[in-house]
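Chain nomenclature is as follows: A, B, C and D, assigned in order of appearance, with residue numbering initiated at 1 for each chain independently.
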Amino acid sequence: MFSGLSFTVAQGEGLLLEGPNGTGKTSLLRILAGFGAIEQGALELKGADEELTIGQRAHYLGHQNALKLALSVEENLTFWANFMGQSVSSSTIADHLGAFNLESLSSYSAGLLSAGQKRRLALSRLELVSRPIWLLDEPSVGLDTASCALLADAMSRHMAAGGLLIASTHTDLGLTFKNKVNLGDLGGRAT
Amino acid sequence: MQAYANPARFNALALSVLPWCAGITVLLFAVGLYYSLVVAPQDYQQGETVRIMFIHVPAAWMALACYSVMALASAVAIIWRHPLADVAAKTAAPIGACFTFLALFTGSLWGKPMWGTWWVWDARLTSVFVLFLLYLGYIAIWQAIEEPARAARLAAIVALVGFINVPIIKYSVEWWNSLHQPASVLRADGPAIHSSILTPLLIMAGAYTMLFLTLHLIAMRTEIMKRRIHNMEQAEVQG
Amino acid sequence: MSFTAPHVGFVLVSYGFSTLVLCGLTAIVLWQARSAANRLKDLEARAVRRRKPAKPVNPA
Amino acid sequence: MTVFWSLVRRDLVLTLRQGGGAGMALGFFLTVLVLLPLGIGPDLNFLQRLAPGALWITLLLSVLLSTDRIFAPDYEDGSLELMTMGPMPLELVALAKSVAHWLGTGLPLAILAPGLGVLLNLDTLLFGPIMLAMVLGSLALSLLACLGAAVTVGLRRGGMIISLLILPLYVPVLIFGVAATNSVTGVPELFGPSMLILTAISLASLVLAPIAAAAAVRAHMT
């Protein structure tokens, strides 16, 4: 996949993964989230309590939205909040839906939503449960310009609060990233 | 839009008829129960248990009637694509399933003192049990498919295929030497029961029919409302 | 109807259970009708509000 | 513990909303009960001797029916991945899914079993033992079903492979289940040796099945 890759991301900073398709951007994010194994090298998270893995300190957003179509918008968010160990009131959920202007759809079943709305619902989950690391794999796919702006706001709020952000994208996310890594010129073979 | 024209007219019609239906249903039940439990004499053999007949037979009739309504509505839905037809078929199923279950349950309770066992795998009982499974299958088809139009067509086919079971039930008693009582009311040579038993039976049958009619009308109005809700929600979300 | 005859229990149970099931069925049908009607009213109110939203109090 | 029960509650709500998992299992159970006497013949005494075994086999098949829906939906929409990132270990996730599957299909059937046994002219003395045995046994069935579902998640034709994998594991549950039901020598002593062994099987699978299921899911993830 790729080799000789090393990077550090300090608090409040973002790392942008670039490179053509198939050079391992998604795999890197999945490895960070704990879904893959690395042959050599190590991933460390300094300054956090030791037993929690990186995955348990992170949010991962892949191409799938992890939404149950039979459940309503609010039930989906309530479940994920409870599952991540945080009980939430319906008003906090309404606020987070408001951040991606979905608040009027809270009682509708997720199956009725369009692709863009489902994506925004998945994104609203990131801020609902506070976790320091965000691993976003092409988060802006399927979003219109207004929603991309909302996404950019959410990401900047996250970094301003001292969170880490590692994202891969092909379109401009409306954010200036301090450090970038291009997996293409790291000898990333399209496997 | 033709599809929306007559549901609205149907709604208005149903609303005006409903109070009457409900009133007649309650009246028939009151009179029927009085006749069944008080007026009707004991049977010289079965004693009091003969009274179970007054709720077993109407339930069995309604089980068959509901399925026939479903099959007829399904045929209309497929042939003339009338939007109300599949609403009628879909809403008749749960009510029919209830009547079938009651027919089986009261039949079993009647059979225990008479035949000495709760259940026997006899032609009539088995085919009514299969009818109950057909109802469950029909209801499951509606739940399994989201998109109403496609679900309607598939459910209609299931109802029509299942209809073959109804004549089997009707004539099962004659075809196989069945423990079950052969038809004694709807017969070519006229009813073969004494009027003191026949009157409560017919009144209760009327009460069950009116109850079905009332519940069916209410359920159809609900189904029409649910479809409008589904469309409005979709419009709201895309809006 | 004498309540001391043999097997009268079967009669009572079958009448009682039938009443229970039929009343239950009626209750469910009525309840579904009411909740659908409420949901429809709520949606229609929301649709009306969407078509002509209420005037803001101070059109600053 | 609220994390655990939030998953159980969600799975139960999903099975009830999407075409009634329990309803499907009950429909299947009734259908098999109709086929048996039609095939074997309506002789009541013969059916009575057959009833416990037939009821247990039908329970096994009914529980097996909805097995592939335990992990597959979550795998397909990406929820399973996020669940591995939750505070709760994967073993407890597997346990929660097994409990939800048990409450959704196994338990209702176990409680209805005596009533349904009437169709096979089940001896009324057996009503108590068969209900207790089936309640205990169906827990083991759901746990093993969850293991089978975890192993075959994401595989094409997973549903077919599951039955080959789990049915052999169901054999002890079947043997001791029927033995516990039939342990009636005159007075139905509820806690005979077979019933205790059946309970032991359930408790053992309560511990081992989730661990194996979690390992299987992890194997699928990497």
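Miscellaneous remarks
To be clear about the criterion, contacts are C-beta pairs under 8 Å (C-beta built on N, C-alpha and C of every residue); 3 or more make two chains touch, one makes a residue touch a chain.
Because the structure is predicted, anything quoted here is derived from the model rather than measured.
Using the average of C-alpha coordinates as each chain's centre, A ends up farthest from chain B. Innermost chain of the displayed assembly, by C-alpha centre distance to the whole-protein C-alpha centre, is D. Mean C-alpha position of chain A lies 54 Å from that of chain B. Between chain C and chain D, the centres computed from C-alpha atoms are 34 Å apart.
Look at where the CA atoms of chain B average out and do the same for chain D: the two points lie 34 Å apart. Centres computed as Cα averages put chain B at a distance of 20 Å from chain C.
Shared contact sites, meaning residues of chain A that touch two or more other chains, are absent.
Contacts with at least two other chains are made by residues 18 of chain D. Only residues 33-37, 55-56, 58-60, 62-68, 70-71, 75, 79-80, 82-85, 87 of chain A touch chain D when the two sit together in their complex. Those residues of chain C whose C-beta lies close enough to touch chain B in the complex are 1-2, 5-8, 10-11, 13-15, 17-18, 21-22, 25-26, 29-30, 32-33, 36-37, 39-40, 43-44, 46-47, 50. Contact residues of chain D toward chain B in the complex are 18-20, 23-24, 26-27, 30-31, 34, 37-38, 42, 44, 47, 118-119, 121.
Across the complex, chain A is touched by residues 2-3, 6-7, 10, 13-14, 17-18, 73, 77-79, 81-88, 221-222 of chain D. In the complex of the two chains, the chain B residues touching chain A come out as 146, 233-234, 236-238.
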